[in-house]
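Below are two complexes that have subunit A in common, paired first with subunit B and then with subunit C.
Showing the complex of A and B:
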């Protein structure tokens, strides 16, 4: 049933420096998480994506990147779904 | 005959004089007394002054007989006005004169009081007040822009995940109709 979604999440976790992924619907309900991603963060991530999309309503939803010293969270929105990718900062960037 | 002529001449002269005097009643002639004329000028000047002090001219003309009184009141008013307008600097200086030592003492006292008051005033801390105040080194973070590759990966991931969610179907594993056996 959700094997396809599991495959997408697992394949995303295989990419370099990725430490967590999350996918949620437009209500903030987490459909699936991997790694460090907390399923309770789905609401927050969806809210951030919705607010950012209001800046330019006529354009596609933007990609938001929350950066801290060691990690970054990339939030993207497609249709009614919002995804977040947690990444560790690569050493070359420091 | 000559006598008659002289009489007529005298009459005509007299009448002409009368007419001239009538015509020049308002004006100063060579016969009008000089002192009286000076008086009249003073009167008109006085009236102008008083009219400048916001007094009705009609009131003055009606109270013409009591001119001396008006002059006194006008004079006293002028004296009062000048008195109020004058600032006697010399008198002020004598009252508020400060000795040099006293002046220095006061400077010290006021400086002390100011310092005390400054210590008492709670000054808000002037810390860094910006969006990135949680970031230790925002310059390093801001130096690296996200690459298009990263953005494409993120977009693609969400797109695939959304499609996967939309493709979700409930697999029918058991029979929909379950027979219950009541005993």
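Showing the complex of A and C:
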């Protein structure tokens, strides 16, 4: 039943520098995760997306990027679903 | 200590989207602490008969050979109820249908350290 979702998660993981993927529903419950993404983070990621959407309630939900020293997490809300992609920052070429 | 417990649960109420009310009760459904955002307590989920039903449900669901039941999530048309099994206590969270359950459950493990006082009082009264 969830094979389509599994395929989407697997194909997202194939993208360069991607180290984790998470998809959660509107209630913060994770549908699926791959890589470093923790299924318990679904609630927090949905909460971040909900809070950010309140800044401009008349516009579409924004894409949020959380950056740390080595990793970036891109959060996007689409309808009733929220997705997060964990990426390793590419090393700058000298 | 009691103030600390109130502060902790009030912070959960303020942080979790859609959450309206928190109840700490004993296994018979007698409320020990009731907190809500606007001092209004929804009838569904706060009645003693409803709260005590959880005790039966958690015992029965622990018999499915899947280990001890930790929590039960109830999704109704217009509300969501999350009940945590912290024997001999029951923690009940009542919210709207769009409550962020995942966010709420991240606090489930933190709850234990704030409940010691209640557990000691209950155990002393049971003896």
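Definition applied: the second predicted complex is superposed on the first by the 92 of 94 C-alpha atoms of A that agree within 3 Å, B and C clash if a C-alpha of one lies under 4 Å from a C-alpha of the other, contacts with A are read in each partner's own complex, and residues count from 1 in each chain.
The rule we apply is simple: a contact is a pair of C-beta atoms (placed from the backbone, for glycine too) under 8 Å apart; a residue touches a chain by one contact, two chains touch by 3 or more.
Remember, predicted model here, so these are calculated numbers, not experimental data.
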Contacts of A:5 with subunit B and subunit C, given as first, second, both or neither: first
Subunit C versus subunit B, contacts on subunit A by residue: B
Touched partner set for A:17, first subunit B, second subunit C, both or neither: neither
Touched partner set for A:71, first subunit B, second subunit C, both or neither: neither
Which of subunit B and subunit C A:30 touches, first, second, both or neither: second
Contacts of A:44 with subunit B and subunit C, given as first, second, both or neither: second
Touching residues on subunit B, where the partner in the complex is subunit A: 135-137, 140-141, 144, 146, 150-151, 153-155, 157-162, 164-165, 167-171
Subunit A residues within the subunit C interface of the complex: 24, 26-30, 40, 42-44, 46-47, 50
Interface residues, subunit C side, partner subunit A - complex: 15-17, 80, 98-106
Residues of subunit A defined as touching subunit B within the complex: 1-2, 4-5, 7-9, 12, 15, 21, 23, 25, 31-32, 63, 65, 67-69, 74-83, 85, 93-94
